[in-house]
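There are two complexes below, and they share chain A, which is joined by chain B in the first and by chain C in the second.
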Partner chain A sequence: MQRDKSAKLLQNLGLALFLAPALILIGIYIIWPIIMSFDLSLYEWDGVSPQKLYLGLKNWKDLLVDSIFWHAFGNNIKFIFLSIIIEMPIAILIAVLLDRGGKRFDAFKSLFYLPMLMSSVAIGVLFKYIYDPNFGLISGILSFLHLDSLNQDWLGDPNVAFYSVVAVICWQYIPFYMIFFIAALSNIPQELYEAAKIDGATQQQYFWRIELPLLTPSIKTACILSLIGSLKYFDLIYVMTEGGPSNATELMATYMYKNAFASFKMGYGSTIASAMFLIITTAGIFAYFVTRRKEE
Partner chain B sequence: MNFIKETKKWYFIFLAVWTLIADVPFLFMLFTSFKTQSELLSGNTWQIPRQPTIENFSTVLEGNFFTYLKNSVIAVSISVVLILIISSMAAFAFSRFKFALNNLLYSLIIAGMAIPIHVTLIPIYVLTNKIKLYDTVFALIGPYVALSLPMSIFILTEFMREIPLELEEAAKIDGCSMFRLYSDILLPLSAPALITVGIYNGTYLWNEFVFALVLTSSPTRRTLPLGIWDFQARYGSDIPAIMAFLTLSLLPMLIAYIFGQDKIIKGMMAGAVKG
Partner chain C sequence: MSVLSFCLASVVIYSDRAYSASGATKKIVFWHITTDEVGKKMIQNQVNRFLKAHPDFKVEVVPLQNDSFKTKLKIAMGSNQAPDVFVTWGGGPFFEYVRAGKVKDITAYMNENNYKNRFVEAAFGPITYNKKIWAVPVEGAGVSLVWYNKEIFKKYNLKVPTTYDEFLNIVKTLKSKGIIPITLANKTKWPGCFWYWNLVNKLGGASAFEKAAERTGGSFADQPFIKAGEMLQELVKMGAFPKGFNGLDWDTGQSRMLLYTGKAAMELMGTWQIPIVKAEKKEFYEKKLDFFPFPNIKGGKGDPTSLVGMASSNYYAVTTSCKYPKEAFNMIQYLIDDQAVKERIDYGQIPPVKGLKFTDPMLQKVYNIVTKAKTIQLWWDQYLPPQLAETHKDIVQSLFGLTITPKAAAEKMEKAAKDYFKK
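So, the complex of A and B:
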């Protein structure tokens, strides 16, 4: 008995040692910052001075009537829909074509993956120059095709900039979803195709009757990934436009960054960050339950 | 039969068009990096350089490029090693032992996968200042490791749960300690999952931007993505030099990709599949 007890104690001590590093780091860098963020949202603070001015819920009230924040939130929503509508069909189409081609199309796969190897910063900087209205790639191609009239200030015109940036983000993420769908397609049992072949199915029937229905769970997952990703997106937008011109490409994350680290309004920045946390967590939980209920 | 041939032609046309869309930006980057400023401004932007010059590359290499590269290698490699050690230890505890808080703690950590990093940004900035790590490469390691843990612990725990219990029961009878069980049995058997977790975090952290932007400021302390950002701000009008910088910064990932294509793709997807 005594021996059992001390063995148990030794095991629990061991478990504590194995778990401690992970729990301490997660506590310091994830859990404490979340609590801290909500706490800071109640203050006015420049991030440097030792004194913080307690405001109560003033920052939150300001946020509710902050038209730039709601404009940014609207952009996030627009961004969700645009990226799902553009990325998913193209990614599915390419994945299906590559899957049907089998090994012969492996070279295409490698060529298509290239955008995934580049950092968002590198992509952002590259496309800033691709979009340059004077000596960028697009203006060069348009003038070669004698379509100079279509040339624009792609990132400088508030009516165009948002779509220009979204196009680049789609370019960046389509390869990712393409691989995602290729992996899902490779799980479809070969017998299904053979059975369909015997029944004399056409190429289109393969797609609508076999591939698309069997991809549906993956498409749902991909849409959730895209939804959450679009709500917290930052990198490329910040690199290409910093949210401008005149807030045309502002997202919640860029607005938060600018408040906290450019205007040194750490309190208000924390309010935006906390609001993002609430919005994204709610969206995540909602998405999780919607997909789960349908699976049951 | 004719119908099949006809569609195959469309396959190729579509795939060729997508090849152009996916890869022409890279050709523009590569071509421009070998051009002189005057050739870029006078000629067609998409053309092959007439008189290729490597001057842009020497401009880049004479600058801080190697410092950025070194900082990236330090920050990412230390982080990945720590992530692998810490997450495998936690995964070992969660997957192999029954204890009162097992499910609760594990669920809490898994929930951490959904946390938007931006909510942690300001507090981590404040903390980094307080502990006097601001503007050092080491400032990045804490958040890099901690924020990678939930996903890594999840992947490793699920993997270790599949490893049959018989092996360790035999070892336990032989009087094997908990630590030996972890280091000599579970860890070697988890090698495939460890490699996936390592690649997933390595590629993600190699390109990480926002923490490096907030937690460092001097050029000698910044990582490669921030190096691109700084270089672009300083040489904004010298497009060929910037393109040379981008080309060089892509090389490490490209080389890694050429050598381990399948593993890298699998690693990159690891985080998504269960997301």
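So, the complex of A and C:
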């Protein structure tokens, strides 16, 4: 008995020892900064000076009535919706087509994955030129096709800018989900197709009866990923529009960045960051439980 | 992939920095924002002269893009990773660092051998705080002027305007000829603000802004501010600016491309336009580029010679974390010694140094205008505290986007100022 106990203890100690490096790193680089930013959210601080002014919950109260923050939050919600309904179907479609093609389409898999390999900043700069209403690729193509009337002020018009940016982000992320779904499709046992073939199923029936149902868990996971990604999205928007014009493309993260780093309001920036943390965590947990319950 | 690109990036950055002498033990880290090839090389040469005189030193010169520099500096300052020498515009954001005790007081160095006397008096305004000097004026005068394409003006028989009405007529004529009258890249907001600031300056005089910003009896909702917004929106409605200006990026040259290709005729921009155009498109600089000061407005209170900008556009400051402040200051002196002044003039700058003569008539013309100016209104976004400056820039961008009325814009700014200063 005594021996059993000490053996168990030793085993636990061993486990703890192996986990410790990871735990310490996660603690220092993930958990501690989160705690720090919650702490900072209680202060007024310019980010530079040694003194901080304790405000209590004032920043949080301000946040609740900050119309730009809620506008940005609304944009985030719109962004989640758009990215899921645009990215998922296209990614599934490409994945299924590439999967059906088998080895012959391997080259396309790499080719279609290219956007994912570029850094967001590079994509942002690239599309800034593509969207340039005077010299850009899009305006060039439109004028070549004599469709000048369709030419828009892609990034400068508050009514258009948001969709222009969303289109680029979808372009960037569809490859990610495509690979995700290709991996899931390759897990579908070959026998199912063979059985279906014997039953005389058509290509369409393959999709609706075999592939889509078996992809469902992956689609759910992809949606959660997309949801969380959309809530904290930042880089491309910042490079392309800085959240402008007139806050049209403002997301929570760009607004946080601007407050913390451009306006020297580190305390309020931390409040936004902490609010984002709460919102994203809640949304993530909620989505996880909703999708899990349906699976059962 | 991101690890790979990070490694690649660090290799690139590292090799870019690895030019200092080997064996040196004392190190100065130096951040600046001159990123065009000619300017980068010029600064490196000046640093090299310092290294020659100080073989025991090495200098890590880091050129950074204008807007990313601002963020990087702030993070570095906040996390005690500050460079030893950094570039600054002076004014509000710079004084935040001064107040935080991050910047070395160099008054004593400046007074040594009367070194201060080398510079034009007006250059010290934006870097004097608590009667102490916190940075060295180095890079040339930066005032906003209207740059235009001589060839286009000649073709349509247009004369340089002296009044705003004449200017509006030019805009109308150019518009009718199918030329974009004024190019503008307003994604980063400050290029558009130049219009607003110049209009306010001409309408209300320098005191209008200063009274409002200092809260000494002025208000951002006063008449000049509303009127400036109206005049600005009038320009927008006339189609004076290119399509999509609120989405175009000045940093990546999207406004200048229109100028170079002759699609647009004018741009309101700082005098740094000279070295940039010279570096980017030399024949355009030599044959087509010219400028005129912002036209005076009939009935406006602004002094006819007044300008918006500063007598020196970039200053260099030493941080308190610098281990060798004396040598760091000495290194800055190499950036503006007699040889450097020559180099800077060749580059296209007007150094903030007394008694200059120029072979380039364009520079001479700017120098004359700057020295003649009775007031030079500092860029508002450098004058105002950063938080208010950001709000202001957002408001002006909305004015350009026609999503806010001039009156509402002025009131919004006044409210922001009230909220800020009440604290």
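Throughout what follows, the second predicted complex is superposed on the first by the 269 of 296 C-alpha atoms of A that agree within 3 Å, B and C clash if a C-alpha of one lies under 4 Å from a C-alpha of the other, contacts with A are read in each partner's own complex, and residues count from 1 in each chain.
Quick note on the criterion: contacts are C-beta pairs under 8 Å (C-beta built on N, C-alpha and C of every residue); 3 or more make two chains touch, one makes a residue touch a chain.
Computed from a prediction, not measured in an experiment: that's the story for all the values here.
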| item | value |
| --- | --- |
| Clash or fit, chain B versus chain C on superposed chain A | clash |
| First (chain B), second (chain C), both or neither touched by A:133 | second |
| Contacts of A:195 with chain B and chain C, given as first, second, both or neither | neither |
| First (chain B), second (chain C), both or neither touched by A:18 | first |
| Touched partner set for A:85, first chain B, second chain C, both or neither | neither |
| Partner chain in contact with A:266 - chain B first, chain C second, else both or neither | both |
| A:150 touches, of chain B and chain C: first, second, both or neither? | neither |
| Contacts of A:40 with chain B and chain C, given as first, second, both or neither | first |
| Touched partner set for A:179, first chain B, second chain C, both or neither | first |
| Partner with the higher number of touched chain A residues, chain C or chain B | B |
| Which superposed partner A:234 touches (first chain B, second chain C, both, neither) | first |
| Colliding region between chain C and chain B, picked from 2-10, 110-118, 146-154 or 200-208 after the shared-chain fit | 200-208 |
| Set of chain A residues, in rising order, touched by both chain B and chain C | 47, 117, 119, 125, 128-129, 132, 135, 261, 266 |
| Residue ranges of chain C in contact with chain A within the complex | 1, 5, 70-71, 74-75, 77-78, 93, 96-97, 99-102, 186-189, 242-249, 252, 254, 257-258, 261, 263, 385-387, 389-391, 394, 397-398, 400-401, 403-404 |
| Partner chain C, residues of chain A touching it in the complex | 46-50, 117, 119, 125, 128-129, 131-135, 151, 153-158, 161, 241-242, 244-247, 258, 261-266 |
| Contact footprint of chain B on chain A as seen in their complex | 11-12, 14-15, 18-19, 21-23, 25-26, 28-30, 32-34, 36-37, 40, 47, 93-94, 97-98, 100-101, 105, 108, 110-122, 125-130, 132, 135-137, 139-141, 143-144, 171, 175-176, 179-180, 183, 202-203, 221, 224-225, 228, 231-232, 234-235, 239, 253, 256-257, 260-261, 266, 269-270, 273-274, 276-277, 280-281, 284 |
| Touching residues on chain B, where the partner in the complex is chain A | 3-4, 7, 11, 14-15, 18-19, 21-26, 28-29, 32, 40-41, 44-46, 85-87, 89-90, 92-93, 97, 99, 105, 109, 112, 114-127, 142-143, 145-147, 149-150, 153, 178-179, 182, 206-207, 209-210, 214, 224-226, 228-229, 232, 239, 242-243, 246, 249-250, 253-254, 257, 261, 265, 268-269, 272-273, 275 |
